[in-house]
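Structures follow.
Both complexes below contain subunit A, partnered by subunit B and then by subunit C.
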Partner chain A sequence: MFSRTMKDKLFTAALRAALGLCLAVLAVLILAIIVAGAKAISFEFLFSPARDFGASGGIIYQITGTVLIGITASLLVLPFATSLAIYRADFVKSDRVKRMIDTSIYSLNGIPSIAYGLFGLIFFVNILGTGLSWFVGAIILALMMLPTVTLCAVAAMKSLPRGYRENGYALGLSRKDVVIRITLPQSLHGIVTGLMLGLARAVGETAPIMFIATAFSGVTLPGSFREPVSTLPTHILALAQQATNPDALANAWGASLTLVFLVFVLSALAFIARIRLSPLSERHT
Partner chain B sequence: MTQPQLHLVGAPAPIPAIELRNFSACYGDLRVLKDVSLSVPARSVTCLLGPSGSGKSTLIRSLNRINDALPGFTTNGQVDIHGECCMTDFNDITRLRAKVGMVFQTPCVFPCSIAQNVLFGVRNRKLSKIEKSALVEKSLRSAALWQDVSDRLDAPAGALSVGQQQRLCIARALAVTPDILLLDEPTASVDPVSARNIEALISELKKDYTIVMVTHDVRQAGRVADHAIFLCDGEIIEQGTRDHMFSKAALPKTRTYLLEEFCDC
Partner chain C sequence: MLNSGAQIDCPQSPVKGRLFTAYITGSAWLSAGFAAIIFATLAVQSAPGIISAGGTFMSTSWLPSQGQYGMLPMIFGSVIVMMIAMVVALPVGVLAAIAISQIRSPKLRRAVKALLEALAGIPSIVYGLIGVSFLSVFVADIFDLQTGRVILTAGLLLSVMILPTILTLTEDAISDVPKAITQNAAALGLYRYEVFKDAVLPVAGPHIAGAALLALGRALGETMAVMLVIGSLDRLPDPIYNVLSSGQTITSKLGREVGESAFGSVHFSALIFASLILVTITLSLTIASQIIFSRRAKSSVGMRHV
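Right after this comes the complex of A and B.
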């Protein structure tokens, strides 16, 4: 029989071990990407176009492609997610409708990313005949981001003390005014956090966009909505398939490091937005 | 139970600013106000007194229909504001709220400057810069806050003390130029000195406004009220002038509550 303190100690040790394992895996992964990636990264690599399917040259058009699709997806998702969140948080009275909306949002979040890719391929490329288009890719990524952004926005709106809205109504503001002048500005931190989190996930995705929005070689800046681009994750996929070529592998590590850095910056921005934009009521307590 | 008295005892009946006839209110199935009839004279302070849960907040929040947004809240009966039916004559509910201002128990300032807070309810009115700063000054002076903040109108309102924030909320309500001011326990969350300031302010404001306020503090009611309404368990036990309510002529229940803050209804 173990004594009580012994059990306590064992339990604590198990928790510590779990935490240690998580940290170790994270550290090894990041260290590996940094060590292997740093060798490939240079000014030249970051700012010149890819040659030989990426085995030589750089990743400038993969960076621009990722940024272009990311920004466009954000701009597309923002109005939809915000309206949906306002409707869910302030306009729906019936609990049944609230549950229905929540279930739909969570289901949307649960759909695997490859399914989004297939949907895009069938609906846009085949039925609407758009061909490979970066803009369609942005639409699909926007759909993928919708749940994250909406949920964060709803959470921020719900946590806003009822007093703010009541004071607004008591001053004679209409429902529209209360939304525009009280609810929205005071939940901006939630919207921006959701956007950054969703974007951080979306820019790392390969599956939803590889059939519909990207090509693996010969792409530059798109001249119209109906051209493909190349992105960092799809480029890494292409390079990994040539892993027997050491140059290609080195560049894959370099592109990975660039992508990790990009995601890190977005997450850091989300963190800052959370603090800078959170309403007074939360900051003081 | 005594019949609610429509006419105030011991005073000539003036034209009421607010009149309720057989007014009832329910949250879902819970009937919180039961056939309440009362009248509030203009340009005076009327205090709503009663034990916790007696429906004081519900009553005051029915006067500007701020409770309409709550799911399951229903009302029955007549509420007249200056002779206009509060429920039907105000199709535009924002017009009702412009006439009937309200200040809540906990001050809630918006995260913007002091001046912007004052102007929060008048954004839709076309005002020049000069008119705006005049309105800010006038409202802050009326709320006895001008002395404290005149040199930092652009400072964030959240930096004010709680008592100052409550006066800012009053200034903000006054800027909309209402006739009636509803105050739900306006001094409950401020320190005693600020509470005295706000009491003095209320006595000053009654020259221009009709004030209805909820208070738990019987002595406070004794200081500021012109009229008092004693509410218990959703029914009005007695209403009348302060002098009547605090005298020996008042009903035994009223006297018990005012003297011992205890009620057995």
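Right after this comes the complex of A and C.
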């Protein structure tokens, strides 16, 4: 039907078109977010509280809420993710158990974000009776970050040369000392990178926390663990639902630009962490 | 799989060491068990709904006030939206991944890939906002509709959201193909298209399929963006292939209604059952893709010895 040359030319054209389309979509999206967001952003917008259900005023309490939940979730996930990674790298001997752990980490990663929210709503808000609480939101986001942080830590621990641990044991170190003095410091770059990547994803999440941790209007800084906060994503959701009100929509774009900026800063930090905290084995000296 | 520590017997540890071991082991098992805990919680909560209204689940009418919880429209919606997203994103993603793998300068290749991965960094609520303010307006204009919040809009938006997953994993699969294979094929005089079809695809194919399964899981589980643009209408489209009518997916249903249903009611329990269906499908997809990935890792290790 087609000659070989024709097929090859068509194929090459299709490749270029596909890549061009992807780049164009990316450019349009980023430009749209920046152009529409820049109109709303000002010093006052970033540092004043929301008024008129978000249609005027700013987003200061949404920023503090996002930061509070994000930092708390990171602190919560850190001990669990490192323990799981260390357990897998230094404690488990059977390949079957390792595969089981891997499957469970990937499963956790495969659970849709809204299901995390439902789990939090059932288990914490209703069965444990916490009510709407930013802290419960942080727990749920920590769960969502767990696979990312663990996988990055595991990858770093796997790439650690055999000799490092063997030398430690040969010097008479106990398993605890090997973990604390060799495995952990030498895989720090993986843990930090994973934490930043996980956090970048977590701060943008709406579905897992919208039933359990956030309220829309009249929220300020929480005074206890059992109060809701407002976050940038839930604020955008509330504003996007009043799409007929141009002021609300403009502020939604402002909040979006702020959120996207936050996500990209965290991703950049992950990138820097991977380079700056590289282990002894990968340093070129 | 390489793992140091595995064959080494360590010295008997004193009390501190045992405490440390207990701490690590305990939190590791707890972390590893979270997926099961979440699944079990959802399963237990959906039981009352199945018992008192399970018979109505396979119908098309969702009327909580009359005890009818037909889930067919939202299951259909989830499937059709996922299919639209895949039909658009899979060819574009795979072709773009091949295009990236053909870039000769490694620096430029990495830069283009990292740039396109930024698509994954945009939070889903921001995609939703883009869908509400731009995409749905375009769709309404082009097809001359009263509202652009229709199944097609949700599918198109979703296709952009799963694009980075397909693109990154496919590019990884292609660059994992041993150089010897592609170079031999090219040396035999095959054209670029033939090198891909006859040399790269047979090796990287399973991995690309795994990427597609992961992307399917992501598409099914996506909530915020879909919820904002799909119109949330509990009806099967009429006719059934009419993607220009409003619809409902499992996730958009959950996002809209869970807040309105009382904990412990049949309504709530039925919604949780819907989420259980969703979680079961996405977990199966994730585990299937994982099996594919681990098989390929083994086969490529074997190939090095050939």
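Throughout what follows, the second predicted complex is superposed on the first by the 270 of 285 C-alpha atoms of A that agree within 3 Å, B and C clash if a C-alpha of one lies under 4 Å from a C-alpha of the other, contacts with A are read in each partner's own complex, and residues count from 1 in each chain.
To be clear about the criterion, a residue touches a chain if its C-beta (ideal position, glycine included) is under 8 Å from a C-beta of that chain, and two chains touch if they have at least 3 such contacts.
What you are looking at is a predicted structure, and each value in this text was computed from that prediction instead of being measured.
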Which of subunit B and subunit C A:F80 touches, first, second, both or neither
second
One more residue to check, A:S174. First (subunit B), second (subunit C), both or neither?
both
Per-residue contact with subunit A, leading partner among subunit C and subunit B:
C
Looking at A:Y164, would you say it contacts subunit B, subunit C, both, or neither? Reply first, second, both or neither.
both
If you stack the two complexes on chain A, which partner ends up touching A:V263: first (subunit B), second (subunit C), both, or neither?
second
Which partner chains sit in contact with A:R96 here, subunit B, subunit C, both or neither? Use first/second/both/neither.
neither
Once chain A of both complexes is superposed, is A:Q186 in touch with subunit B (first), subunit C (second), both, or neither?
first
Residue overlap on subunit A between the subunit B contact set and the subunit C contact set?
93, 161, 164, 166, 169, 172, 174
Would you pull the subunit A residues touching subunit B in the complex into a rising list?
93, 161, 163-164, 166-174, 177, 181-182, 185-186, 279-281, 284
Please output the residues of subunit A touching subunit C within their complex, sorted ascending.
4-5, 7-8, 10-12, 14-19, 21-23, 25-26, 29-30, 32-33, 36, 79-81, 83-84, 86-93, 95, 98-119, 121-123, 125-126, 143, 146, 150, 158, 160-162, 164-166, 169, 172, 174-176, 178-179, 200, 203-207, 210-211, 233, 236-237, 240-241, 243, 249, 252-253, 256, 259-260, 263-264, 267
In the complex, subunit B touches subunit A at residues 64, 66, 69, 71, 94-95, 97-98, 101-104, 106, 108, 110-111, 120-121, 123-124, 156, 158, 169, 172-173, 176
Can you name the residues of subunit C that touch subunit A in the complex?
1-8, 10-11, 13-14, 16-17, 20-21, 23-25, 27-28, 30-38, 41-42, 45, 91-93, 95-96, 98-100, 102, 112, 115-116, 118-119, 121-126, 128-130, 132-134, 160, 163, 167, 191-194, 196, 214, 217, 220-224, 228, 251, 254-255, 258-259, 263-264, 272, 275, 278-279, 282-283, 285-287, 290, 294
